[in-house]
Structure formats: C-alpha cells, structure tokens
Amino acid sequence: MFRHSADLQFHAKPERPDALFASKLQELVGGQFGEMTVMMQYLWQGWNCRVPGKYKDMIMDIGTEEIGHVEMLVTMMARLLEGAPSETQADAAAANPALAAVLGGQNPQHAIVTGGAAMPTNSQGVPWNSGYIVASGNLLADFRHNVAAEAQSRLQTARVYQMTDDPGVKDMLQFNLARDTYHQQQWLFGIEQLIEDGLVESGIEDSLAAEEKDEPSRTFYSFHDGSQAGQGRWAQGSAMIGDREILFAEGAPLDDDINQAPAPDPELFVTYDGSMGAGKPGTAGGVYTQGAESLLSKAKDKLTGE
Amino acid sequence: MFRHSADLQFHAKPERPDALFASKLQELVGGQFGEMTVMMQYLWQGWNCRVPGKYKDMIMDIGTEEIGHVEMLVTMMARLLEGAPSETQADAAAANPALAAVLGGQNPQHAIVTGGAAMPTNSQGVPWNSGYIVASGNLLADFRHNVAAEAQSRLQTARVYQMTDDPGVKDMLQFNLARDTYHQQQWLFGIEQLIEDGLVESGIEDSLAAEEKDEPSRTFYSFHDGSQAGQGRWAQGSAMIGDREILFAEGAPLDDDINQAPAPDPELFVTYDGSMGAGKPGTAGGVYTQGAESLLSKAKDKLTGE
Amino acid sequence: MFRHSADLQFHAKPERPDALFASKLQELVGGQFGEMTVMMQYLWQGWNCRVPGKYKDMIMDIGTEEIGHVEMLVTMMARLLEGAPSETQADAAAANPALAAVLGGQNPQHAIVTGGAAMPTNSQGVPWNSGYIVASGNLLADFRHNVAAEAQSRLQTARVYQMTDDPGVKDMLQFNLARDTYHQQQWLFGIEQLIEDGLVESGIEDSLAAEEKDEPSRTFYSFHDGSQAGQGRWAQGSAMIGDREILFAEGAPLDDDINQAPAPDPELFVTYDGSMGAGKPGTAGGVYTQGAESLLSKAKDKLTGE
Amino acid sequence: MFRHSADLQFHAKPERPDALFASKLQELVGGQFGEMTVMMQYLWQGWNCRVPGKYKDMIMDIGTEEIGHVEMLVTMMARLLEGAPSETQADAAAANPALAAVLGGQNPQHAIVTGGAAMPTNSQGVPWNSGYIVASGNLLADFRHNVAAEAQSRLQTARVYQMTDDPGVKDMLQFNLARDTYHQQQWLFGIEQLIEDGLVESGIEDSLAAEEKDEPSRTFYSFHDGSQAGQGRWAQGSAMIGDREILFAEGAPLDDDINQAPAPDPELFVTYDGSMGAGKPGTAGGVYTQGAESLLSKAKDKLTGE
Amino acid sequence: MFRHSADLQFHAKPERPDALFASKLQELVGGQFGEMTVMMQYLWQGWNCRVPGKYKDMIMDIGTEEIGHVEMLVTMMARLLEGAPSETQADAAAANPALAAVLGGQNPQHAIVTGGAAMPTNSQGVPWNSGYIVASGNLLADFRHNVAAEAQSRLQTARVYQMTDDPGVKDMLQFNLARDTYHQQQWLFGIEQLIEDGLVESGIEDSLAAEEKDEPSRTFYSFHDGSQAGQGRWAQGSAMIGDREILFAEGAPLDDDINQAPAPDPELFVTYDGSMGAGKPGTAGGVYTQGAESLLSKAKDKLTGE
Amino acid sequence: MFRHSADLQFHAKPERPDALFASKLQELVGGQFGEMTVMMQYLWQGWNCRVPGKYKDMIMDIGTEEIGHVEMLVTMMARLLEGAPSETQADAAAANPALAAVLGGQNPQHAIVTGGAAMPTNSQGVPWNSGYIVASGNLLADFRHNVAAEAQSRLQTARVYQMTDDPGVKDMLQFNLARDTYHQQQWLFGIEQLIEDGLVESGIEDSLAAEEKDEPSRTFYSFHDGSQAGQGRWAQGSAMIGDREILFAEGAPLDDDINQAPAPDPELFVTYDGSMGAGKPGTAGGVYTQGAESLLSKAKDKLTGE
C-alpha cells in the first residue's frame, strides 16, 4: 500500500514559462529512460523480488521515490507551460522570430489534450509503454539493467540541462543529476552485496554455466577485414570468470550448416521447386503418434493396474 | 558495407520439429532482449561511435556477428516448424492431449503469415520495435546498457533451455549461452578500457559533475516504515567516486514546494475555481515582448551602424 | 453493407491554407478522441450489439455518420495543406518569421508520405490504433465510454477552435462542436432508455452484485494526511444504489497479507536466499495429479459403465 | 511524495496455483481497463488538477489507492504462477488433457521474462501504453472518462470472476468488484459536486456553447433505411440543456460541398489530370507575403517612430 | 457521406461454433493484411485521390465494399464464438483433449473484453494500427501497394481456409478468395489504365527520373561469394524503361567514403578521443550568420527602397 | 553469416549541416518505407526462402545491400547534425527567423538521445516496428510487396529531394533514386522469372483457385450512386486469368443474411432483451460432447482391440 502527501521531494519552480523547452523536457518524463520508466521498473522489480528484507525494501524504497520524481517533473512542466501560446498568433509571429520558434516547436498536445500540462509521452509524442522495462526476478540481471537506465537517464538529463538557462529549471535538474549519480552507485553496490551475501558468485550472469560451450564463452570473433578490435582488453588477457584466457579469432563458421529452411508444408502455398524433396504436410504426425501412444498406454496401465 | 555467406556461425539442427517450443523460442528472436535487439543496438552504436579504431571496430564486429545470430535462430525456427499442424485437427486432438497442447499453444502466425517460419515478434506476438534499443554516442552509458542486455538475454536463454529436451536445440543454445557469457565480459572490459584510455574517469556516468547537488548525490532516502534497506552496502560506507560518505535518510521533503499546477489559461477550458487568481492567457507574452525587442533593437543597431 | 456518396455532411472550406494549423488538426482526425476513434468504436459496438431494433440501429446510424466525419476532416486537411511549403525555403524563412513557424511546425509526413493530405495519426504523428476503442457488448458500459469520448472530443475541438481565426474552419468546427453536444446527450439518453426498458436496473454497472463485498462497495478510503476529500458528496450521504450510506475511512489494510511473492521455481534462476523454504519446481504437479485422476476415473467410469 | 508499506489493502491468496487462469488475469493488470490504467489515469489527473482542496485530494487519494491495487494483483499473480510448468512436459501432457490446456494456454513470458511473476501487459501480451489514459484538466470530461473506465473494469472483473472457482481468487475479486461499484458512483457524485459548486452548469461538456450550430446540436440523423433508431429517447423529447426539442432527421447533406481534395502541388508527384487547374506550388506564398509585410511594416513603424 | 443497411454482402453462417478457429480468423480481421487494413487503405486513398471521375469513384467503391467485409467477418466471428468456454472448465478439460486445445488456444479477450465477439486485433492480439496503410496521392505507387495487399490477403485466406472443415465458414471464405483474385486484377488493370490515360509513362514509379544516377539504376550488385543471383532475369537483358541493359556487378564501394560520424558537439557528452579535431559546438552558427544577414539585408533593402 | 567493411557503397557528404532537413530525412531511415524496412523485409524473406539458388541468393544479396543503405543514411544524418543547436538559443532566435525554424522543427531526440546522430524512427519520431514487413514464403506475394515498397520508397525519396538544395545530399539521393528504379524492376522481373520457371502460373496469387466462387472473382461491385468507376478497364473486358469476362454490378447483397450476432452467453453480462431466445452458456458443449466421445471411443477401441 502507498500513501501520498502534496509535498515535492525537491522544488520545481521555473523562473519563467518556456513552452519550447517543455516539449524537450518530455523526454525525461515519458521517454525510454524517463522517470516513468524507472518508477515502473523498480516497482515491478520490487513486487517480483523473492529476497525479503534489505533487497526488497531497497527496491521498493527507490520505486516509491521515483513516483515522486514523476510528480516533480509533471509539476515543473505545468509551470513551464503557463501562458503558452494557445490562440491564433499569426500577427505576433510575423514580428517575433523567438515566438515563431515556439509556435513551430511546441507540442500541440500540451494545449489540445492536457490543457497546459505534461503528457505521458516522450519528446516526440510517443506514448510510454511497458516494453521499456523489465523485472526478471534475477537481481543481478535486473541491477545491471538499472545501472544502465540510470547512466542513460543522467546523460539525457545533462544534455537537457544545456538547453535552458532558467535558474529554477537548472536548480531542479541539479537535483536529478545528483540522484542519477547516486543511483548508478546504488545498483553497482547492490551487485557487490549480492556477491558478498553469496547470492551470486560473480557479477556475470551465468546460470547453467556448466552447460555452455567453452571456446565461444571466451572468444572475440571479428567479422571485419583490418579490424583493430583485437587491440582492446576485451580481446586479450584473463577472463573475468573461470581460469581462462580470452581469444581473438576470425569469425569463421564453426560448423558446416547453412541458412536453409526445409521443404515447406504443401498446404501453406509456399513457393518451392521440389529440390529438397516433398515437404512434410502439416499434420504434426510425430506429436500425434507419440502422444496418442503415450496416453493410451498410460491409461491402459492405470486401468489394468487397478 | 556488408557481405553475406550462407554459412551459419553454429549449426541449428533440431532433432525433431516442435511447434509449441517454437512459439516460446520467439522470445529469443524478437523479444525485448532477443537477437534482433542486440543486432540493431550494436549496429546503431557502431554507426554512431565517434572514436575510430578499436572501439568502433569492436562494436561493428559484434553488431555484424549478431545479424548472423538472428539468421541462426530463424533457421532453427523454420526447422522446428516443419510439419507443424496447419490443417483441421479436431479428431486428432480428441485422441491426443499432447497434440491438444500444440494446437492450443502454437503461434497461428507461424502458419498464416510466414508459411512455416519465424516471425520478427516476441513470444506473445508483439512486433519488434526500435524503442528497445539505444545508441547514445556515450560509450560508457551504452556499454552499461549492453552488459544489461547480455545478462538478461543469457538469463532468458537459460530459461528457454529448460523448456526443451531436444539435443539439437540444446546444442545450439549452449553456444548462445556461451556468447552471452563472453559478451557480458566484453562490455565490462570495454568500460575498463575506457578508463584506462582516459576517455572516462570512472565507471559512473557523471557529465556536468560540478553542477550536481552534493547531498542527493550520495544519500539513500527511505520511503518505507521499518525499511531494512539501510543494512545494505548501498546505504553506508564510501561512495564510488569522490571522497564522500554515503548517507541514509528518511525521505522527507527537501523543500516546501507542493505539487500544485498554476492557474490555467482560460482559453483552454480547464476546470478552475479562481482560488489562485486569474490564469495567464495563452499569448506567450513574455516571449513576444522580449523577442520583438531583441529583434528590433538588433535590426536598428545593424541598420544605424552602417 | 454500406453505400457512399461524394457529398459531405457539412462543408469543409477553409478560407486559406494553413499548414501549421493542419498539423494541430490531426489530433481531431487520428488522436485518442479523434473521428477515427468514434467511427471505429461505434461500428464495432453496433456489430457486437445483441439487441436488435432501436439500439442496434441507433449505434449503426451514428457509426455510419462518423465515417463521414472522418471524410469531412480529411477533406478539410487537404485544403489546408494546399500550397504548403514543400521546397527548400532557407531564404524565404530568413525574411519571414511567420513562415519560420510554419517550416518548424509543419508535419513532414504531410508532404513526404501523403503528398499534401491528412495522415491517420494524431497531432504528434502517432498512428491510430485500436487500443483506443472498446465494444464490450454491455451497452451500459459502452454508452458510458461513448459519453466520455464525446465529452473529451468536444473539449479538444473547443481548444483547437481557439487556434485558428479562419472563418471557414471555424464554421465547420461549429458543426463538430454541435454534434458532440448532441452525442453526449444521445448516449446519456441511451442509458435512461436502458433503465426504462428494464435492460439494466440503474446507471451503475453491477453484474454479479450479490457477490461483491459490502463495505468496500460504499467507502471512500483516504491515503493522504490532511486530505480534504471527505468534504465531497462522494464521501458522504446515500449511495446511488441499494439502501446504503457512503463511508469515509482511512486507507488502512483490511487484512494482514503483505506483498510477498512465494519461493521461486529453482529452474527459473530467480535470485533467492531460501528464507521461504524450497521453491516448487515447475511441474504443475497439482494440475497433473488432479487432471490425470479425473481423466482416468472418467474413462474408467465410462468404459465400465458400458 | 509517496510512502510505501508492505501491507496489501486486501489479501491476495489463491487456494492453489493456476497458470492458465493467470494468463487471463493479466487483462485486469495491464489491459486497456486494468489496474495500471486507472492508477496512471488518476495520478496524472490529480497532478494536472487546478482546483486545490477536495477535488485534487480526492483524485490523488484514489490514484494512490490504485497503485496498491496493481500491487495486490501482481502479488496474486506470483502466487498463481507458483510451480507453473517451466520444464519439458511432453510425457506429462500426453497423459493429462488438463495439463495440455495449461501448456497450450499459459503465457510463455511468465516463465521466460519474469521467472514466475506478472507482466505489465494485457491477456494477449500487449504492453501497457499511455495511449489508454487521459488527463485533460477539465474535470467534467475526465470524470466522464473515469466512470466509463470503472464500468468497463467492473464488467471485465465480473467476466474473469466466472473463469475460476478458486475461493481465494474469488474472495479478492469480490473486493475488486466492490471498489468498481463504489468508484463508478464516486465519479458520478463528482459530476454532481461540480454542478453544485458552480464549476460547470450541467453534466454536458459545452465549452464555447455560444459558438456551436443550433440544429446539429439537437438532431439525430439516420443513415439507414428503415432504421428504428427514432423510437428511442435520444431521438425525441426535450434536450438535456437549453430549452430545446430533439429532432429526428434523415442524414442528408447539409450543404453542397463534396469530398474533393484540391489540385496538388506539382513538386509532390501526386497523380493528377489537370482537371482542376494548376496545383499551387509549395511555396506557402500567402504566409510569405503576409508575414514579410507584417514584419517589415512593423519594423519600419518602430524604427521611424523613434 | 455513407449509408448503411443490415444486409451482409455474403452470408456468414458457420455450421457450428469454433472458438479455437475464431482466434486464428482474427488475422483476417485485424492483421497486417486483414479487412481493416484494406478498408482503411482504400478509404484514405479515395479521400486523397486528386483525379475526379473513374479513378476516385473506383477507389471509393472498393473502400466502401471493404467496410462491409469487416462487417461480414465480425458477424462470422460472433457466431463462431457462440457458447465458447467462459466458465471454469477444469473437470471438463480433464476428460476431453479437444476441449483442452480450445481452452489453451482460445483468445481470452473474446470473453473478457468483447463478451463473445471479434476484436480489432490480429491473431496474436496486437491492436490494428494505421502504420499498416498508405495513401500517397500517387496512384501508381498506391496501386502497387494495393496489388500486394490483395495478394498477401488472398494467401493468408487460403492458409486459414485449410484450418477449418466447417462448410459454412468455407463457403464465406470462397467468396473472400474470389474477391482477392478480382481485386489483384483490379489494381493491375488500374496501372494499365493510368498508362493508357497518359497519367504515367510506365509501371515504374520514376518521378525526377532525369536526376537519378545511370548505372545504379540498372545494376544488380551482389554481396555474396558464389551468389547464383546472376542467373535470373533481373540481372541480365533489357531494362523495363529506357533503352538500357541491365548489369551484374560485385558490390564494391562506388566511392572512398567510410561510415565515420564527425567529431561530436562537446556539449552533448559523446565519447570522443579528439582524433578528428574539435567538435563543432551546437550553435548552428552557419544558419545564424546566414539567416541574420539575409534578414537584415532584406529589411534594409525594403526600408531604403521606400 | 555476415562481414562488414567501413566503406560506404556511395558517399554521404553533405555540403553543410542542416538539422531541420535531418528531421525530415528520418522518414527515409526509419519510416514505413525507409531503409530499415527494406533491409529487414529482404533479410527475413531471404531466410524464409525455400528455393535454393538464384532466388534465395538474389534476395539475400539485396537484403545485405540494404543494411549498407541504412549505414549510408545514418552516416549522412550524423553529418547533417554536426553543430546542430544544442544550447539555449533565445537571443539568437530573436534575431534570426531561419534559426527559429530550425529551433522549432529540429528533432529533440537528435540531441537528447543520440548526441547528434540519427534515430531508428520515422520523421515524426515513431519507432520502427516489424509490423511494416512481411516474409510469407510465397515469392509471388512477397515480390508484389517488394515492388510496392520500392515504388513508395522512391516516391518519398523524390519528395525529400525537393526539400534540400545541398549538392552533397542531392548527390546521394540521386543514387537512392536510381536504386529504387532498379529494384522496382528487379522484383517485377522476379515475377516474370517465377512464371518462366513454372513456379507460378501467372502474376495473380491464386492458391486454391478451384475453391473460389466464380462471379465474385471477376465482378466490380459499385456502392455509389452515379459512380463512374464502370468506365475503367477494371470493370470491363477480359480477366487476366481464366477465359472470363469482367462484370460491372451494383453492390446488392448476394444473400439474405444480416449483420446480427447471436444471443449472448448469459455468463458474460452482455446486454440482451431475449428476443433471439436464450443464449448458449459458455460450456463449449459441442466440443465437449464430441471430443469426449471421440476420445473415449478411441480409448475403448484400443483397449478392447488388444
């Protein structure tokens, strides 16, 4: 359960409205790495967390904080949009190129849809969607994703920061920059803690490690004549896990298979010249035979066994 | 420019068709962390890379490899779909529960749309879209995203691996697991290399570091009564950057602002009781006045100056 | 079946082209509450209507009218886009801020994709999709949705109306405003008629009313310190249905359950510290046991019964 | 700002896992009218509300409650998915049709993506997106939308309720049904309160009422031979607003305009036979001329005026 | 304007319900090449058609017919869904594998969302969106698209036809197959007519033909060692337009440029080693200088000229 | 497998940056008919091609070429975006309308998301998605789609070509125009080759030709009073396949069925007046009875037969 208070975590007071900047700030609200993304990502990860105590509480704490970050940005947006051009402005624009930029660049939905407020979309008007987030239940994999989200979010905040000289906006963005700096570390410390607590062995997600092929797990393959990629640390030296050396190799085929689909089911009207023999008709024969036998022999076993 | 050969990097030969498994395997083809995602992500990052030499070549090498991974999986899919049920099967299903599972669970588009082949969609049929990827030009932020993609991709591959006992499918997935193990390290080594080459100072993205607020950059705020989050490494000890200590604090407001939007533009028909005074009409007055003055005084300066 | 004539229901003649306004008008064509939405929503509701006669005919009548409304707006758009800037205009813009606003704000797809015509998208270029509409077969629930769509549509039309001073555009929008006024009433009268005809008992959708919990069906819970929400009619007085009083209560938990997911399936590689015991492996054991027994005992019954 | 506690508002304890039902229950989590929709819709409306006091507090209260409803459902989902089939089950299915239904109908992402937990998607796997919600700032229009969302949500809950006989699931859904009953009334009372407080004059959104055409604002047009739609209340009697009578009319054109786009810009390569004269080239001539004149005459006025 | 009658163009009477088949039939309703696509594509092309008379009328005629095709399919769907499983069926499924297939494979939204009717989505539940259609105003390009849509639509109809043995469904699909056969020809004849009427010179869209490079306009480039592509008609013989021969060539670079982005704007925090010199700061200097000069010289000209 | 080299197929060197044009050029990168679409469409068709040799090689050759076309355009975009405005420009815009157009019209994601590079989106910022492409396995249907894609792509390239006067951009686009001219022919020659090789009988996709209805396969139905559509070749003369004449007919119903859905399942709470009798409850009775009988009689046969 959640509770709300009207307080903002940090003030969101622009010195003056700026509808053109507001259309750009949308990227930090509803973009791929905007506040809606981290809010939703952390809440879903927290709900799906199977380790009660410090891990689950930590994730829920930050998820709850991020709802408030959406709130801060949305409040800022409404203030930036105060008095934004909503009426016919032909004459005004003719005499004022700065206004022309605003008229051309403002987001029409800020007037038509919200009546002067933020949209749950990115800076190009694309609705936020949950395809941006993940909550896998695997904390190592999720924390990696969270570090990345905070790094990209901070980078985008820094870029947007350059696009305004409003002291009030800059003040709030300095707070956002700081949180993204801290949150990157929070998730990296989270990985360290997972290792320390013995929940993972290393920072590399390697479930089913015993099953994987050896050489492809430590080889850089190059698919480029004259590639200089072999000069990097990723192509030489010790691997991070196991007592293994990293290899550099040409990207030759490891086997003699080729990209050829089989003869098609004749009932599906796929173009075919017969060169691979007759296609198997879509009767799922194998499943049928196997399944029916299995079912009936089991039924027989049970019936006769009683 | 690219070149192609029919060879697969690794063989993709299932022992027998399995249309039900094929519908699940779609997640590794066209899902959020499927092969299409890493292929597109790395190609776009490579094209956007501003550091010629080993970095750009490395990214293009792996991007090129990943096109081939899509090819491998797509070939595997066509083979898994050979002879998949495409005709009316009412009688057959009545006698065979295993077939019933297939009939219920197979992806209808594998027959109707592709005629027995993979779709560029995830395991629920959602089309792949470029909202899954990012290419920011900032290699640290992008490499963080790439580590995360490989970790999630490997985890999902391991989960799918458990859903089949076909030796041929398992053989190929053992190759995929291995590549994801290596690729996680590749991107982490990439970050180490960026630091070693002096292109970044640490693994924390901190552009405009001098601008950010201090305390929020090193404080864990809790928004939960009795949260145990303070027990983790993320809430105590030295920060990763700077000579700073991490703080743990209650999530109190840092200021006295509240989430209140201003009085609305009367022309936008927003519900309002007048309690905050008259709303500013949408004339973008400030912009107009300032802009026009600026324009005309500059024009005057120029004209009179000549 | 449908028939078409070239006549427009109402004229769509702008006095002059206006490409900048056209980009805003897209919201009324292909936006969440644009004409495509109501057209599709009413057609699908009409097709799904199970009450032959006045209800089905009414819904099909308005659905058919709305196809014509899309047609009107699309015609208007093509006329607004006549002579829109399609060539290089660097010099022109340098001398004309009004043109600069157009060049910055026009929708590039109006030239590149349609060659001077409307797009089936909203004012930000997002394609129309059927996730905007619903046709539930339940007329009360659908009519509620239709009232809402007409109210939002009328509000957006009024906002767009302020953005032009073209008498021809205003003339057509005055027609659209009027239809939205009437259509709101049409759907509200539809609800009255449903009650009068005895197809529903009240305006509240309450299928399975006897099953629902009592207190939560008439209580306003507050999750906010000092909330003034209790002052509204929604938090006091008689309920609309039943002989019940509305209650105001703090949002305390109604039970002692917490948001904890169970121990995970070990085969899915979810992070887990064992604190909740061993996770159940993914064998769907319950289903299996129960199902097999059910199947076989039934089979046995039938066989032995014959 | 928000705070969180681990308590659920109502318990979410299924008697036994049921992966097939879980795939259906997704509709109430991430569907068009699922809990994510009402949570996001009310939070955004609350943030955009310009009437401080009981209205804003009421909307924020319910928005905050709904975050907790997502949490309840997500917890229920994880419990329904406990022990869901994640491994190869060919043999088991062959002997158990009930398991076959589960294997065919379960959502693969519940294993592959979340490791045994809910997804932020609907019952067909479509990601939640913000195109489902609206926050217009106009409380009447928004409350109409909210009534509709609660009515559709309740209907869908009732339908899902029939799909299970698990007493624990039914218990929780009885709570959800009750909330949807109350919330429909809450928003309808909200409209009454708006009228009582004088913030709107009636329940019909009619901004710019003086501008709209009269007859189309009170006429039912029929576009169907033999339509019985005229028998309904919507086509006769007094209108809800104004002192007006409703009319029933054939859907004849109200004017002589037809759906003809003008001659195209020759630079856009649109097919054209010249029958409407030469197309206007895309120079936006009107804007240019008018704008430049306006700009320069203003500049001149200012310069010469000083 | 449009009119409607309740008649279907062709009967849509299945012999018996079949909820599993209904979930597949969705592909022909709301899929990429379903009836919604052709309905919307032709209506939008008709509205955008600039050639009054037989072309515009033909497109509107078929667009109007296709609205009726959606109606036919939607009626068929409601009948196929009659009596579809909506209640708990655990026991029933345990004794009936055919029902198990239905329970696993039916579309949950057919019960939860529509109450027993079609959805405006494809066979995987993806909502229809207008990104499937185009209306370019160029009739040659559009007719090409229409031929393709009808060919794919007919192919998918043929595939779906194999998936049922219901005589009533097959009867209707025989009508659909026939229309798709005719419509492919209709659009191909449309191209012939465009040539005969002199509106295009050939069936190849070649606006700005004089501007294009010569050799790339008639060369097949191969990017594959040992490619046999040179054996096809597309790689030899006369071109379709002009007096030209088709060439076959290796895909070598035609120039010495490489895929290198320039030095980045330092304000955007893109990773960069300085190897390409200093990046240009984001001041759009060129535009500024050029624009201001142009503006002021024009202003001066005008003022001094009067 | 694929290989890469840094060479571009054709140079991509603009004479000067132009951020406003770059936002339009996005349509040719990530739009419905942009280079990403043809790249993905051809790769998927090639992978799904069941005719080894010249057909498969040809499709893979062009698919591989198109990856390089994305690369060319992306390189061009980065160069067009060099020095694009990324900082606050209020003063500059006030004095320079050309800059105002850029500030209003540039794509904010070109700075915020990519740091000065292309996006995988269209000119309105909509992410590329795989719903744009198809790979049906039926080469005739796919080649038709490919002709259409190349025609639309060329048309859009020609339109974009008019929007710049940069000689370097025009030079590259002249190459793109040429390829689209050739590729249209390539696919049309592909259809000729299919006929010559006997893989199809004609250019009309007519799988299951013997099943389709005769008259609807050769009739133009008009749904428009006074339609002139009958004057076109599509409504008269010989059909393209078979020895048949094309007919022109009024769009009358061919049968007496109407668009009426059946009585609804009472458990789904669909509004219903009982006029069509009692709805069938959702027990899928037919399937159950039939299935159970089938299963048990088969089981009995097998058991008693042994």
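All chains are identified by letter, namely A, B, C, D, E and F, in their written order; residue positions are counted from 1 within each chain.
By definition in this document, a contact is a pair of C-beta atoms (placed from the backbone, for glycine too) under 8 Å apart; a residue touches a chain by one contact, two chains touch by 3 or more.
Computed from a predicted model, the values in this text were never measured in an experiment.
Count the residue numbers both subunit A and subunit D use at their shared interface, divide by all numbers used there, and answer same if that is over half, different if under half.
Subunit A and subunit D contact each other through largely matching residue numbers.
Is the number of contacting C-beta pairs greater for B-E or for B-C?
B-E
Express in whole angstrom the distance between the two chain centres, defined as the mean CA positions of subunit E and subunit F.
3
Mind checking the centre-to-centre distance between subunit A and subunit F? Centres are C-alpha means, answer in whole Å.
Distance between chain centres: 27 Å.
Any chance you could list the residues of subunit F touching two or more other chains?
Touching at least two other chains: 1-9, 32, 47-48, 53, 55, 60-61, 64-65, 68, 71, 74-75, 78, 86-87, 90, 93-106, 111, 113, 115-117, 121, 124-127, 129, 131, 134, 136-138, 140, 155-156, 158-159, 162, 207-208, 223-224, 251, 253, 259-264, 267-270, 282, 290-291, 294-296, 298-299, 303.
Enumerate the contact residues on subunit D facing subunit B in the complex.
Counting only subunit D, the residues touching subunit B are 1-6, 47-53, 55-56, 86-88, 90, 93-97, 99-101, 103-109, 111-113, 115, 121, 124-127, 136-140, 194, 197, 199-200, 207-208, 299, 302-303, 306.
Could you list, by residue number, the parts of subunit E that touch subunit B in their complex?
Of all residues in subunit E, those touching subunit B are 20, 23-24, 27, 31-32, 96-98, 100-105, 122-126, 156, 159-160, 162-165, 223-225, 251, 253, 259-264, 268-273, 275-276, 296, 299-300, 303.
Show me the residue ranges of subunit E that touch subunit A in the complex, using the header's touch definition.
Interface residues on the subunit E side: 155, 158-159, 162, 267-269, 282.
Quick one: in the complex, what on subunit B touches subunit F?
1-9, 30, 36, 40, 43-44, 47-48, 60-61, 63-65, 67-68, 70-71, 74-75, 78, 90-91, 93-95, 113-121, 127-131, 133-138, 290-292, 294-295, 298-299
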